[in-house]
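Once you scroll down, you'll see the structures, which are given as structure tokens.
In what follows, chain A forms one complex with chain B and a second complex with chain C.
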Partner chain A sequence: MEYGKPEMMAVAIMRAISDGDIVFHGLASSTPMVAMKAAKAMGKTFTYLTLSDGVDHDYLKPPTVASTLTANTYEGSVATFGLDEIFDLYSSGKGDIAFLSCLQMDKSGRIAMSYLGGTYDNPKLRGPGGAGSATLTPVTKKTIIWKPQHDKRTFVEHVEFATTSPDVNKEFTVITTLCIFKKPAGEKYLKVHTIFPYTTLEEVKENTGWQIDETNVPVMDPPTEEELRALKLVDPNNILGFEFK
Partner chain B sequence: MYDKTMSLSQAADLIKDGMLLAIGGNGMHRTPSIFSLALTKKPVKELKVCGAAPGLASDILFASFQADTAYFGFFGLENEAGLAPGMRKSMEGDNPKAKAIEGS
Partner chain C sequence: MWGSDLVAKRPEFFQVVKSPFDGTEVVCVKALVPDYAIIHVQEADIYGNCRILGPSYQDALMARAAKKTIVTTERIVGTYRMKEEPKLTAVPHFLVEAVVELPGGAKPGICYPEYQAVEWPKHKAYQKAVKEGQVPQYADSMLEGRL
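Then we have the complex of A and B:
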């Protein structure tokens, strides 16, 4: 079965989830939505929380549009748990993973979501805002950023205005179309942790706006047939591909 | 039970200059766009909008320059339509007509 960048990213997300985890994604998050549904289809026993207020919805209800606000993320839920309750849960330190994204990021994992260029009051581009990331990032055990691009416009040397930034004492992961960056707990900067099978460390360096010092990094195993079948099962309308167009 | 049901025009008549509106829905979903379109037919101005994830209904009021402040966590139209064009039109550049006050 063939795969591309969407499937590889989704599989990287699926593999980041462990049994017993409490996992959240917010709105505008079709990539982690499909990946988390597929992880459920693979039999992983984690708790799925999202903005629809549904807990562990029926993962076989397929998305039909690239939104995480439609009925498919609520139907069949085992409980209703609102966004305010999700934030309370995470603020009490009980959230394992939050999947978040960004407009830009630098080597420290500082994330721009508010604006790009200009100033806060006179921005060149007004962004959508942090969507809770400033609250969740410092309190979540493992924040995972997914970004369906990997280029120097996104991964820059310095973010001018950080909407949020990682806690130095917590693990922080970034999954892109080419690789996985990690900032281990206790460290300040992101390092290339793993590259995907179809790229090279040189290509990662050429498309990253900060200096990468790593010289030898492992290659992630390609998606298995079972993982690809799970993605097809939960996403017959290929909503996963939407963010990669 | 007190019946709050009223016509769209009656509801729009409740809105006065400078009011803070909590507009329901998120992004492109369950958001009362027809109500906002009704407001664009009226001379109300300096509105403020708030919400966890204001979307299309709020964006219409920034596109018409009738809203001048947004309090929000996320203001956009998700992947389906991307960044909110009305908000961008009123908030970007040297002479913005509106301001963003982000929460969280």
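Then we have the complex of A and C:
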């Protein structure tokens, strides 16, 4: 079966989830939505939380639009648990994974979500702000940032205004279209952890705005037939492709 | 909120204080108190008891935070509906200032399970109206023939 960047990113997300995890994804997050449904279809037993209030919705309800607030993440749920309750849960240290995204990021994982360019009061681009990421990043056991681009406009040397930044004592992961960066617990900077099969460390370096010192990094296994079938099963309308158009 | 530049940037909303319990530093966030919360529900009675029969998002929280809450509802129902299943009353009457019966009141957005797809042409027209300062005219067009 053929695959591209969307499928590889989704599979990297699926593999990041372990049995027993409590996992949340945010608003407008079609990539982790499809990946988490597929991880369920593969038989992973984790708790799926999201903003629709649904807990462990019926993953076979296919998304028809990229919004993550539609009926498909609510119907067939076993309980409701709203965003305010999710924030409380994670603030109590009980959340394992939060899939969040960013406008820009630097090597220490400082994330811009509030604005880009100009000043705070007079920005060139006003972002969605920090409700989710500023609240969840410091308290989530494993924050995972998904970003369906990998270029020097996104991964910059220094983020001017950090809407949030990782806790030095917590693991912090970034999944892009080319690779996975990780900041291990106890360390300050992101390192290239794994690259995807269709790229090279050189290409990652060329498209990253900070200096990468790693010289030899493992290549992630390509998606298996089973993983690709799970993605197709839960996403017949190819909503996964939305972020990659 | 640790690690966020917002804490230093917006002291009117965020302050770091020592916890009175164990002396550790914690970020305090100022409570927001909106003048009004306007929420749309599937069922309300004439006293303001509201049943939210789909995702409730933070509607109940907003109703508790606001000075006054205005409810629009797909339909007015008898209070006996609330008595059948009190737990489904997401917002009780004493938090509610006014109830407006307005079927389709969440359009062009969605109100599960009554209508589940965003009406994009109307949504775009709304966005355009906001940008151009034409919201009252847009609201008039939405309500045409209904009042």
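Everything that follows uses one rule, which is that the second predicted complex is superposed on the first by the 244 of 245 C-alpha atoms of A that agree within 3 Å, B and C clash if a C-alpha of one lies under 4 Å from a C-alpha of the other, contacts with A are read in each partner's own complex, and residues count from 1 in each chain.
Definition applied: contacts are C-beta pairs under 8 Å (C-beta built on N, C-alpha and C of every residue); 3 or more make two chains touch, one makes a residue touch a chain.
From a predicted model like this one, the values you see are computed outputs, not experimental measurements.
Student: Chain B versus chain C on the shared chain A, clash or fit?
Tutor: Here chain B and chain C cannot both sit on chain A without a clash.
Student: Report for A:Ser114: first if it touches chain B alone, second if chain C alone, otherwise both or neither.
Tutor: After superposition on chain A, A:Ser114 lies in contact with both partners, chain B and chain C.
Student: Mind working out whether A:Lys124 is in touch with chain B, chain C, both or neither, as first, second, both or neither?
Tutor: The answer is first: A:Lys124 touches chain B but not chain C.
Student: Quick one: classify A:Leu51 as touching chain B (first), chain C (second), both or neither.
Tutor: Both chain B and chain C are touched by A:Leu51.
Student: For A:Thr137 in the superposed arrangement: first (chain B), second (chain C), both or neither?
Tutor: second
Student: By the touch definition at the top of the document, which applies to A:Leu69: first (chain B), second (chain C), both, or neither?
Tutor: both
Student: For A:Leu27, select first, second, both or neither according to whether it touches chain B, chain C, the two together, or no partner.
Tutor: A:Leu27 sits against chain B, while chain C stays out of touch.
Student: Is A:Leu83 contacted by the first partner chain B, the second partner chain C, both or neither?
Tutor: both
Student: Give the stretch of chain C that clashes with chain B in the superposition, choosing among 5-13, 23-31, 59-67 or 95-103.
Tutor: Answer for the clashing stretch of chain C: 95-103.
Student: Determine where on chain A the residues touched by chain B overlap those touched by chain C, and list them.
Tutor: Shared contact residues on chain A: 51, 65, 67, 69-70, 83, 114, 120, 130, 134-135, 163.
Student: Report the residues of chain A in contact with chain C in the complex, numbered from low to high.
Tutor: 51-54, 65, 67, 69-71, 74, 80, 82-84, 110, 114, 120, 130, 134-135, 137-138, 161-167
Student: Give the list of chain B residues in touch with chain A in this complex.
Tutor: Touch residues, chain B against chain A: 26-30, 52-53, 72-76, 78-80, 83-84, 87-88, 91-94, 96, 99-100, 102, 104.
Student: For chain A, which residues count as touching chain B in their complex?
Tutor: Result: residues 26-28, 30, 51, 65-70, 83, 114, 118, 120-135, 163, 242-243 of chain A touch chain B.
Student: List the residues on chain C that touch chain A in their complex, please.
Tutor: The touching residues are 1-6, 9, 54-58, 61, 110, 112-113, 116-118.
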